[in-house]
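There are two complexes below, and they share chain A, which is joined by chain B in the first and by chain C in the second.
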Partner chain A sequence: MSADPVDTGETPAAPISAPSDAAPPQDAPPTAEKGAPEKPALSGAELKKRAKAEKAAKRAQQKAATDGTSGAPHDSKPVQQEPKQQKKDGKQAPKEPKQGPKEAGQPGMPIPMRRRQSVTLPPPKEKEEVIKQVGLFGHLYGQPKQHSIAAAAKEVHPAILALGLQYSSYVICGSTARCVSMLLAFKKVIESYTTPKGQALARHLTSHHLSPQITYLQACRPISISMGNAIRHLKDLIVKIDPAVSEADAKEHLIDSIDSFIKERITAADELISEEAMRKIAEKGDVILTYASSTIVQTTLLKAHDAGKQFRVIVVDSKPLYEGKALARNLAHHGLQVSYSLISSAAHAMKNVTRIFLGAHAMMSNGRLYSRIGTAAIAMLAHERDIPVAVLCESVKFTDQVALDSIVKNELASPEELLSENERSALVDLLPKEKSSSTDKHEDVMKWWRDEPNLQMLNLLYDVTPAEYISIVITEFGSLPPSSVPVVHRISTNT
Partner chain B sequence: MSHSMTAQAPGLSSYLKSLRSTPVEASIEHFIALLKRRQIRNSRPCALATTQLLIQVVKEFKGKDADKLLRRIRDVGRRLIAAQPREMVVGNIVRRVLGLIREIKDDNADGDSNAVNSDTGSPLPHHDSFNRPQLASSISTFMRHGALPPMESASGPESLADSGELPHRPALFSSHTSYAPLGTSLFGLFSQPDTPSNTSTPTGRHSPIGKHTMTASALERIGESTILKRTNIKAEVLEGMNELQDELEQSDDQIAANALDHIHSNEIILTHTASTSVQKFLLAAAKKRKFTVVHAEAHPNDHDAVHATILTGKKRDAEVISEEAGERWKPLTAAGITVVLIPDSHVFAIMARVNKVILATHSVLANGGLVAAAGARVIASAAKVHRTPVVVVTGVYKLSPVYPFDIDELIEYGDAGNVVPYDDGDFVDKVDVDNPLYDYVPPDLVDLYVTNLGGHAPSYLYRIVADHYHPDDINLSGAVEREGK
Partner chain C sequence: MATEPPPPDKYDIVAAYQRLLANDHDLTKPIAAIEALVDAMATTSTETVSETLETLEDHIRTLKSSVSNPISLSAGTDLFQRYLITTLNRPSADLTSPAGAVDFDAIRNQLLTNRGLFASRAKAHRATIAQSGRNLIRDGARVLTNGGSRVVAALLRSVAETGSVRFQVVYVLDPDAASQEGEWSGPAIVAMLRAKGIPVATIPDSAVAGALAEIDLIVVGAEAIVMNGGIISKMGTYQMGLLGNIKHKPFYVVAESHKFVRILPAGQYDLPIKQRAIDFKVGKEGELVSIEHESQGGYTVEDEAVDLSDSGASGGKTGKKDSDNSENPVDYTPPNLISGILTESGVLTPSAVSEELIKIWF
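So, the complex of A and B:
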């Protein structure tokens, strides 16, 4: 199994250093592009660009207004693309916070979906938001998340544009789902690629065709560890393509390789992991607790249920994403005995639990688990009670990064997502008279929160679980203690 | 539950208003109904309502027999406790009032006869005793009401004599030794030298350590009261109850007076749920110091109150309790304090940078553990693993003479619709949704209690409990039996 990713069969040494960052270097692509199509007249070009972007934004808003909610990203894309095409500069302009058809609910998506109320974020708001940072986490505030395709570069492929919106609106959520969907979109990107004259595919594809896509995805939502690993793998493949090979063959090779990557590192790995994890469930009487939602935990539990094992599942969840709801619903539909509670009552949920199964966003090289925020608290409670904690994690999620706490490295989501529609309406009647100006009371409430100078809201997405709380990490390479993570990571990448 | 609905729905304020005009028996029934319907809930409203109701009961009481009054209060108390046993504050207040009556009764009895009347259940010098005070080992023992279980009533006199008398004797001995120089000489002429703890109880302002110094003045008072004799038991009881009422009203401010001892500049303080005590505590510190408050929102039960507290400085139902000017309610942010609202899931992540955890509580148990809003356990545990001190802010009236044996008995479960709305039909049908309202936090996770008496270690709380409740009142149903024999 360890030799999986070698399917290219090439020498591994050199190219790893260049894309070694899990997050692809954000500044590199724009500068590279600038060299080709743009003159160095910076300020003028920038002004022009901004004006254009604003125009585009206006157009987008008008469109959103006329279309109502129907504007699925697929429809709106060509229209939005147009103004871009006229633009000379290929530089990204992700600074423009724009209102987009964020509501593009993708029907029939089997991926954890968040109940997102129709919250409209007018442009000036996000600027304020940037100013109001939680001091401790100042280093995590970057550019505001891109919620629209209006500011996307012209090179960005339609499939990627759609994907980016699905990322930023949590329609596609979860490390594995995001990774797979990205790879599938990349297949389309590669299919549509033609090497310009006088360029070699191995040189040109990554920097000129793939990088803008990655940058756009990154702007929509920081890319996950698994995505970083997959991107690195893909870049590696591209660099190693023999220039003598014809473009069609090279593209076919790449697409096949992506398919086999998904198959080997994710699909087959999931199969193995769930088999292994299933064996950890007793024939009868186990009470298994899981936090939030992980596809692989779901697969494991369903498999165990199909195998006739009798157990009970407790799904613990938290706001604002409520990912566990979908998991609990799916499990219940399959006939499992499921109870559901929120993280504030985790201590109660823990009472009769015999096993904890957790999904992962990433496993750090120091054996710590980087996963949905709240996981650490669950693992801590389990540790207190000597309940074994199993992490189900494909090796594609392993990283050589290390983390000691959840503060240095994390992902921030918009604080406004914290207040649900109901919570806002509960505050409406407390609104001081001078603050209720507009007709939109909910907007007034949000403004109240935003305008309070000393008031901040924090919405982190991940936390780091100490290695000592984790009894076992189940990967496709077998069941390991968390201390073995760096070894496995080396084996799986260094083949 | 919309706010406009609750404003009109019966609650504490409407109940307190109705008290004066309604006959006592109707008021009792009304309160029981409100308790059962959870229209009066949480410690402070329950305590206030109970005190006011008992004041009415005493006022209405005819006759001068202290024993009858005792019995009357106890009967009412048992009905109230039965209505909502998990609001332990109701029982606490009843016991405080019973203790008050006992004390006054004994003072008067002393006036009549200087004899040592230990057989009528005289107050024990328990704060001098080294014996652990006798307390209920679980909530169920004092939750029992109405007819006693046959076993206990059958063996009642003996077993109570056994359990009740045994601790008395060593206690008396120890009191004699400690008071020997006084008791045998002058003071014995007028009084028993064993009342200090009870006399100081109603005011509650003196720390138990200072009680030895109380003795002299207490005895003076006793001396005076012997002159009044039993002429005015009712007036005395009412006076004591008014002091109890004052204690309830002032306890937050008295707790807040300690704030500067516990909060220093630039600290990051984590707190949880909406609590007036904590809010006042932090505001008191904010007058002098700048710090950051991280507020976990206690979703799904208290988050609306948390949001209201953060924005306006008060819970939405707080306005009905205190009719002071709105000026006193200001949010922490207005005092220049940075407030960060976090969901409960962030607790572990942020604990790495938190300097101190300040918890509010629903009730405090005699072992030093506490029952607090759900989520408190996760916070306390996370604080423990991060070596962050946990400070619990509570009024003494929340101290309950209960040792937790079965923790599940203490926990109330709330509306599952708060977790998953009922309109999500197929989900609610197939999945069990749990919504416990409270968490039990064991004493080893708590570093300090700050009460209106000052700061205490969790291991010392049982002593304060013993100071505030008469041992005979701890098990209310048992005490009836004893009195009846």
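So, the complex of A and C:
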């Protein structure tokens, strides 16, 4: 418990009633907070919010009681929405310590809050081992990632089970790859679906058959913007199915639609984007820098090479995923001149670069790029040196959300991924004697890290690149300035 | 169609385009391109949609390849192509035969009757801009401008004619001979303004930074406005933008919206034209100046003062080298240097340009 870095630190964990104190107005006298009298003063929206928060808290507690052995986390959706709520609460009562219903719902987690007499005692700690959380990013800690199929709901299709594990272990990584593999798996899910008697496919398929799959995938790794867009598209298709259509026809229609979605929005789009991006490469003498790994960047570079353009590629990579290694190897294997360096030497690598190509996880409506962590630093360095930065991005990755920073919305990976096997071995010698008890030295190192009260570990997966640092967004609609993202998003979702 | 496909070179589009430009100095390149295309489409007889579009594309290709800088021209050809595609895809009732098929003769007639509209509207737009741009120039302002922009000239003239605004103009004139001919060249505009009683000073490119302290705002024209709201304009505009930005002088672009083009350069060297701003050469001792003299198309180092009498001689000298000498070198001014773009539909921020363009294209 002493691990919390927030200065309001050592406060008892939140009871279920905790969320209610986010709602009352700041200047309300403390007595008003005791029960009924303050309730009528709340607006409808506030009441609704509180009800929701309480529900979430209750659910989380239930889950904690079963210690995660029950089915997939059903509240993954609400959890995702929490940060927004939290922000709102913060605005209404700015002086109140940061507190969100979600945090309240997680027992054993220190909640910075005002001490009140009406507070019931915290529930006894059920788990000794708690994941240490970095205060500023507290809202991002959801359920721990699912790394096994043990806790999966029985409705989850085997194809999805396998896929989920591939997601959580980063075997399938990258927004496009995850989106395509999910859609392909959904095809199998739909194939194996039979509508129960007395139900309509259009109503039953989404809610009873598809959503457990999505929930499971979400638990393995938060779904990407492109996956979200694809799911929305699929749900839209399902709802529009005429009840008069036979089940076989409906399923065939859905499967065909998924195929054409992949073809139109991803395969064909990639073709167009790589053609367009290739034209940006000069016949001779360009030095192109790319960060981490993007399939579309790889396609573009290979195409340009095949077209006889003479250029050099610098792949900049970073811990802990080292995605660029595969890209650099692939490019070199195809005969391109490649150099590989880590982000720590990016400023040096930038020296002779004439162009930057970046992949994207998502393009935000305010023209900002949401991509692998480190991208913003690369774009900033390039901007500093006046090197044009091009983002290669299919319109399926566009979203109407906006992002101002990398804090409000992000994905946290397990902090243990930060330390590789080798790095752990290097630390074994430093291990204090009394700590090394078991035979597994590596595990001991991790435990030592975890238990160190003054050490915080944070493993963010994404960051947000400001629009000023991006010169061009290359989409299947052509080259656009980042300010056109919302316009294109509107067009591509309407048609 | 089966008997004999009309040869694409039946109509000399390039000659028509050059003729239009030569006959009417008020005509901008995009409009001239549109008019030439209208004429071309009206003379060719096509029967199917794809045939029509193919012929059109062929003409556009010919036209673009005939000039060294097709950027501003392509604004017109793109617009016309778009217009024709929409007309063919969704023909209005009076353009279709009773059977529902597209009546190509009707379309041709419509094109011909509307032919003059493009030019007359463009001229009307210029007047609108001049009218609405008056507020840009306040009493006592000192305006820095360059090039030979018709719109800027119209704007300054319109302000001068109000009589109530006293302002001064600092005109950047480069001694490039090629740009000093015709009604809308720099010297001609200077003379026109001086005749209206507006004090005009002329400075060379090299004096821009030095003169900037005395300047209140910068107004320039544009050959083309690109997707992100940057402009492609006469070489030297970018440095005015950069310097103006450093010294916090408002930098306004005045241009008709038919100059919006669907390209997005990533930098100076990403323009879809072949132009060598930097041309390396070596030579023997003492030879350097004369070589540079030649490569710059009559741009002499000492010739900094404007000397109209000299222009004929040096123009003749360079004429043989580059057949298309009327195409002046251009540069790209990125949107972050631009305060606002004044078009006939109002003052746009640079970021609004892409939205306008997307509206046309999707």
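In the analysis below, the second predicted complex is superposed on the first by the 364 of 495 C-alpha atoms of A that agree within 3 Å, B and C clash if a C-alpha of one lies under 4 Å from a C-alpha of the other, contacts with A are read in each partner's own complex, and residues count from 1 in each chain.
We take it that contacts are C-beta pairs under 8 Å (C-beta built on N, C-alpha and C of every residue); 3 or more make two chains touch, one makes a residue touch a chain.
Source: prediction; values computed, not measured.
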Partner chain(s) touched by A:463 [first = chain B, second = chain C, both, neither]: first
Touching partner for A:325 - first (chain B), second (chain C), both, neither: first
Touched partner set for A:406, first chain B, second chain C, both or neither: first
Contacts of A:244 with chain B and chain C, given as first, second, both or neither: neither
Touched partner set for A:280, first chain B, second chain C, both or neither: second
Partner chain in contact with A:483 - chain B first, chain C second, else both or neither: second
Intersection of chain A interface sets (partners chain B, chain C): none
Chain A partner contacts - residues on chain B that touch it in the complex: 3-4, 268, 292, 294, 298-301, 303-304, 307-308, 310-312, 316, 331-333, 336-350, 352-353, 373-375, 377-378, 381-382, 385, 411, 419-420, 426-427, 430-436, 439
Parts of chain C lying in touch with chain A, wherever the complex brings them together: 227-229, 262-264, 266-267, 269-270, 335-336, 351, 354-355, 358, 362
Touching residues on chain A, where the partner in the complex is chain B: 134-136, 315, 318-320, 325, 328-329, 332-333, 338-349, 372-374, 376-377, 380-381, 384, 405-407, 410, 418-419, 423, 426-427, 429-430, 448-449, 452-460, 463-464
Of chain A, residues touching chain C in the complex: 280, 282, 355, 386, 388, 390, 468, 471-472, 477-481, 483-484, 487-488, 491
